[in-house]
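After this come two complexes, each holding subunit A, first together with subunit B and then together with subunit C.
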Partner chain A sequence: MRAVHRAYLIFWLAAGAAFIFLVWNSWQTWLQNGEPAIVTGYTLAGLMVFLALFNSRKKLSMIPLGRAAYWTAAHAVFGTLTLALFFVHTGTFWPGGAYEQLLAILFYLVSISGILGYWMQKVIPRRLTENGLEIIWERVPNEIAQIREQAETIVEEAAEKTASDTLARYYSETLAWYFRRPRFLVSHFFGFQSGRAYIRRETTAIARYLDDDERGYLKQIEDLAHIKNRIDFAYAVNGMAKIWLLFHVPLAVGVLMLMIWHIILVHVYLL
Partner chain B sequence: MVTAVETMARPQRWATPFGPEMTEDVVDELMQLPVFRDIDEDRFPASTPLRGILLNDTRVTVYQPGEIVVREGDYGNSAFLIIDGYMRVVLNPNLPQNMLGRLSTKKKGMFEALSQLWTNSWRPEVRDPDRYQNAEASGSSGGMAGVFLQDIPVILDKHQTAQLGPEMIFGELAALGRVPRTASIFAESEVRVLEIRWQGLRELRRFDSTWKNKIDQAYRKNALHNALQEAPMFKHLNEAQLKAVEDRTLFETHGAFDWHTSYKRMLAQGREMEHGTPIAKQGDYPDGILMVRAGFARVSAQLGNGERTLTYLGAGDVYGLEEIYRSWRDKDSDIVMETSLTALGYVDLLRIPRQVLEEYVFPTMEPPTQRLAELAGAEISSDALKEWAVGRRYINGTRAMLIDLNRCTRCDDCVRACASTHGGNPRFIRHGATFDHWMVANSCMHCADPVCMIGCPTGAIHRSMLDGSVVVNDDTCIGCGTCAASCPYDNIRLVQVANLQGEPLVDGEHKPILKATKCDFCSSNPGGPACQRACPHDALRRVDFRGPDPFRESYQ
Partner chain C sequence: MITDQDRFSYQKSTYERPTFPYVCGRACSFGKPCPNGPNFNGSCGGTTECTPYRNGDRWECRRATSAGGPCADGPLPDGTCCMQHPPCTPRPSLRRLRQRISLLVVVFIVAAILAFLQFRPEAFQTDVAQASSLMPGPLSGAHSNFALDEKGCTACHEAHGKGVLAWAEAFVTSQSVGESCTSCHAFGGPKNSPHNATFTTAAFKADSPSAQMQTDCVMCHTEHKGEDANIAPMKDAQCNSCHQATISGFSKDHPDFGDRYPHASRGAIQFNHVKHFNEHFPKENVTRTCVECHDTKRAGLTVPAGSFEQNCASCHTDGIVDRPFYLIGVPFMEEDPFDAEAVAEVCGLTPDQIEYLQARADGDKDAEAPEPYEFFYEDEGDNITAILALALGVPNDDLDAYTTPVGELYMEIAEGGATPLVDRIEALPGEPRAAELLRGLDGELLRRAACAWMQKTYYEAPSESAGGGWTASDLTVTYVPTGHADPVARAWFNYAVNAPLAAEAAGAGEDVVAGAEALRDALLADSGFGNCTKCHAVTEVTDSEGASGDSGKRLVVEWGFQPVDDRPYMKYDHGPHINLLGPGTLCTTCHKPNPNAEYAASFTHFDANDYQAGFQPVAKQTCTECHTRAKVRQDCLLCHEYHLEPKFNESMMGAQVHQPESTGKDGG
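The block that comes next holds the complex of A and B.
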């Protein structure tokens, strides 16, 4: 068993035990006419702070704070515990009061984005690997520019060698759009093949107007288009993983802010 | 936008002499020693004259009785010539670690490490130019002054030792072979020693045949003795028997010492596997075993029209034992070698003749395990990763960065962690050769055979004396790019450095000042390599390709 899997097991056991204890404690407090939300509320607050620390740990890589893989495991497990405890604390899916509802909406959004992130973390690596083309995300514009330059060189050479401007005209009318920047990003992310379909459609459309020599040049452009299609795929899928963090982290900060104000309000008006 | 530049003198090879106290007078004195007196100075090129080598690549050190000069297990980049006095080499058993006074590395404290959070410059590759004016070459030294053995008579009583006297050379094995020191040596009397860093040793060996013979003979003799002494199959032999084996053992070197040249050519030609230098062929008569002393060799068997890699051999591994043993046991002279052996790059071998084995080893030896049959019986597809790792010579890596692409989300947290521990500058690129779902990223692998060290004119790139990491001394690096060009895996990068204001440093001709940079395995940071710790998906590991199967899923 990998060390990280062992960590997951330990965290799940700890989270399960903590959840059972908190439910039992809440039940006992309720039976004694106490306020169980105090314990569950502060536990929830503590858990949220702990979950937020994961991001800080990433910024403090220069000191040994434990392997980030363990933090990821703890983040996933105790994030689930936080979601479960939220329902124990509120006693409902939809609390009353505008402020609490706003807090709940943000909390649900953070939770959903967290689950989405966990799913992406499991799915994205394999999808990128099976794409068969490793590329550093920040270098994608540069790579596409190089491919575009190669495509345009081929088109110029075709016009020069074949004394025909058909391919050049078609390139400027249609294919230039494709080579300009990453395309079909949404399709790529959801696993559709719009890029390949586009290449097939457009190369078939022009092929009937070309002679054998020109078709040779078209084949070269088609090969480049397929490489670009794979780069687009990597850009879309990898990019989504990066964009996701821009949602999850600010939403989490929002929840923390609202949570602090919520605690202050509870202490001022209810306790 | 940066417009200003700061000018400084371009660092030169001998800008930082090995011994700052070396003077022309000391060189004159050294030139009177018999080992230097007879050297034909005209054979040395004008750019590296003999006197220049002595002045800049050597230093004279005086050791007091009991003082340790080299410690067994340390990496060192220099050899030693005894000028006068006597030393003792501890042969058996080795001195205990506490007696050797091993120094702890100067690692950053927690606060110092944390302070990088606000002290790291947002400008790339910033340096304080003043430090280059006070550079010291000690970082690449092989000597270690200041540790004394307390009770020498007891040590002489309890340990087998040998005396080393004037004009004897030692330490050349570690300096030239890029391997750890094999024995500890201490001063028996007050002793003056000439320490020669390996760049100087290389030049002496290259331009003077007497030195070449002297170094090679010492190198071969010591290598042979140590290797045989450490081999499990000879453990039971007494000194006389071991000497008999030693006398009849041959020392062979196959392939090129600077094998990276042909390796790079192979990659440039798009080939995955170099043919390598053949050492033994399948079907040959087994006339002796081959024991690897340094370097790597490939064991292969013919499969179809190609060669299938069954395994690879590193230091201490033996080739041909199974066949010879069977031939001896079954008295069957028709048994031939079932596999071929090829040098991967260069390999130092000991050839131990069959007769020696039959006389001293086989009668008391347990039958060797039938490993070859097992390896040959494995599914062909299961060999693909091994073939790739061997073909690409990743087997050279002791701390290679292996990324499981099926786990890696390409978040680059590893790159950011590296930058945060190296002044804001990442020391690797999360990119590299891939096979299946594995990537060996462009990060220094801290090779078992670090060919990057071969050409360094100043010794700036060297093995850390503590943990064997290959590190660059930024202060003495002259930015010549030899190491970057030599690295077979493109894991060293030359960067243009800037002063604290971010202004590029240039020399008098307005050419940029460059420095070689690479992964230092976070040797000065607490907690080990930050990249591995920072990976949130357990995808990145630093692995020793010579150890347990690094691709095995459960290995962690």
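The block that comes next holds the complex of A and C.
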């Protein structure tokens, strides 16, 4: 068993035990006319702070705070525990007051985005491996620019050596659009092959008008296009994993803010 | 390029800075990014290919190898790079964008909280109140008008609207929300003890909250859960956590009701159902049913019977008016204690003497002077009445003891009417309210009767009395009840039942105590005044203001019908059960008469708990025919109340009266 899997197992066992204990404790407290929401509430608050620390951990990579994989595992497992405990704490899916409803909405959105993130975290690395191309997301623009330069160089060379502008005109009118930036991102994210189909369609369409020399240059351009297609795929799926955080983190911050307000009100007005 | 396996070589690759807040503007538009990238402050760092280095008096190119190495032209003479580019507009990185959005969310939430932070009561008087950043949810329907009061939220939450310091103090100190509940709600016992009662620890499990546990309203009652929310949810498991007898289900392991269910103590009115149904009703040759007397329209915990006039008067009125109260009468005396001349002076002539003198004045010389009835007191007299003996402080059958006091009293009555008697009654121990006891008594009637008897003649009433009230006959002055619920009769009973205890408490002599007992026994006897206690129970109760003082015990005559309240935590509604069984047809499904019970004997003493019901006990099996698993509800709260005698304080009623005109949902 891999160390990460072992960590997952330990975290799941710990979270399950904690959940069972908290439910049992709430039940016993309620039976004795106590207020179970105090324990579950502060446990929830602690869990939320712990989950938020994951973001800080990523910024403090220089400090040895444990492997990021362990943190990811803990974030996923205890996030699930937080979601379950939320219902134990509130006893309802939909609270009454406006600010508590806002808190619930944000919490649900954070939870949903968290589940989505966990799914992406499980799926995207495998898909990137299957892509066969390892690339740093931030370097995608540079790589595309280089491929575009190389494609244009090939087109210029073809025009110069074959004395035909057929390929050059076709590139400038059609293929230049494709090499300008990442294309078919949605298709790539959902695993469709629109990019590959586009390359095949366009190269097949022009090939019949080219002689053998020009077809050789077209083959080079087609190879570059396929490389770009894989870069586009990496850009799409990796980018989604980054853009997802634009929702998850601010929503989590909103939950933390309203949680603080909730704690203040509970202490001032009730406890 | 991507296909280059050595592309991350330091000579080919620039250093990536993923935590940098800005990214190259050219890269963002998928142009070729410059090797330098943006500066930390967000400006373009790629306007030149390098930053030349001055080595001695020469400028040297410092272009990175990955960008092509030192250029051929080298730096300009002024030390600037020879390869100038137009600047790009760097854009925030995703990380910076995330920080900005997060900050925006924080600002939005803080602004929203502050914008909807309302403390004035008026702010909570409309539907918009639910949008308040303080409102955790709508109040329940019963409490939904609280915000209409001038106190508003402070009715329950003290720190509301009292500033930051009050909030800070409230944050670190315990709140007492539950205390405010009892400004409106009241109970029959301590508000902060389980069930509003004081229990012995034996009633609790060893590991349960002890009998000394202090409860708080908010332990069970949680507000702000919606207008229709049940703010007092309680489950059987909570009952089981404290009670020693663990009940998993009523039909399964709830104890039997016992042989005295539903009542272990007698009611206020003695009504022998068995005797009436078996003996009295058959004489009328009509078939009676339960609902002829019991009003099923008012069915609740009880099915109350109709009034005396509705149910009893046709048979029992004569039994009331036939039993007068004897106030005074001609005493049995062997010696005449009265001075004839003094009596004549006070009372004047007797009717016989007037008749004799009239005859003589008319010329009838044969008229004979009336002779006094020498043995009037021996022949017509009787022991003095119980109240007279008590008032004089003498035994009612000791003529040596009472002759002289009676003589003096009657003489005083002849002189002053009822006043001497009123004075003596007022002087009795206890609380004899002569104004009530002798209400309607005419002093002249009393004086004339006394005069007649002192002159050894029968009192002759000027007219036949009718309709009850105070009346004098030949030898007695009596009170005849005017009917049921006669106020004078009630007053005599109310005083007499406690007279012995009061006399003992006052340290009165034996004769007075014995006289008080005689008066009480005379009234409570079968032939007693109005026959009241034939039906109305006389019960010993204990309270802090008992007639006997220390013991706190006193007797009360239970005049009105009151439901037996010996199971304060029980609740039951006859209504749906009657509808289910059919009104008046199947009452005996539960209430089976018990002809062998000593029901009447239960009313011959003052202990309400020494009681045999006229019905067989209601068995648990009667209920479990329906109230069982998979049929009808059988949880604890179906039949049991948690609180003892829940009610409202009078102050709440005042608050309701002074409630301002409402704009709320239920306040109109």
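General observations
Convention: the second predicted complex is superposed on the first by the 269 of 271 C-alpha atoms of A that agree within 3 Å, B and C clash if a C-alpha of one lies under 4 Å from a C-alpha of the other, contacts with A are read in each partner's own complex, and residues count from 1 in each chain.
Everything below uses one rule, namely that a residue touches a chain if its C-beta (ideal position, glycine included) is under 8 Å from a C-beta of that chain, and two chains touch if they have at least 3 such contacts.
Because the structure is predicted, anything quoted here is derived from the model rather than measured.
By the touch criterion defined above, A:W261 reaches subunit C but does not reach subunit B.
Once the two complexes are overlaid on the shared chain, A:R67 sits against subunit B while remaining clear of subunit C. Once chain A of one complex is fitted onto chain A of the other, the partner contacts of A:Q146 are limited to subunit C, with no touch recorded for subunit B.
Of the two partner chains, neither subunit B nor subunit C is touched by A:I112.
Using the contact criterion defined above for the overlaid structures, shared-chain residue A:L31 touches subunit C, although it does not reach subunit B.
Contacts of A:K59 after superposition on the shared chain: both subunit B and subunit C are touched. Of the two partners, subunit B and subunit C, it is C that touches more residues of subunit A. By the touch criterion defined above, A:I136 reaches both subunit B and subunit C. Shared contact residues on subunit A (touching subunit B in one structure, subunit C in the other): 59, 136, 242.
Put simply, subunit A touches subunit B in their complex at residues 1-4, 58-64, 66-69, 71-72, 120-121, 124-126, 128-129, 134, 136-137, 238, 241-242.
If you check the complex, the residues on subunit A that touch subunit C are 30-35, 59, 95-100, 102, 133, 135-136, 138-139, 141-147, 149-150, 180-182, 227, 231, 242-243, 245-246, 249-251, 253-254, 257-258, 261, 264-265, 267-271. By the touch rule above, subunit B contacts subunit A in their complex via residues 110, 113-114, 116-117, 405-411, 413, 416-417, 420-421, 429-431, 434, 437, 439, 525-528, 530, 532-539, 553-554, 556. On subunit C, the positions that touch subunit A within their shared complex are 1-3, 16, 18-19, 23-24, 26-33, 94, 97-98, 101-102, 104-106, 108-110, 112-113, 116, 130-138, 157, 159-160, 167, 170-172, 174-175, 177, 208-209, 215, 218-220, 224-226, 237-238, 241.
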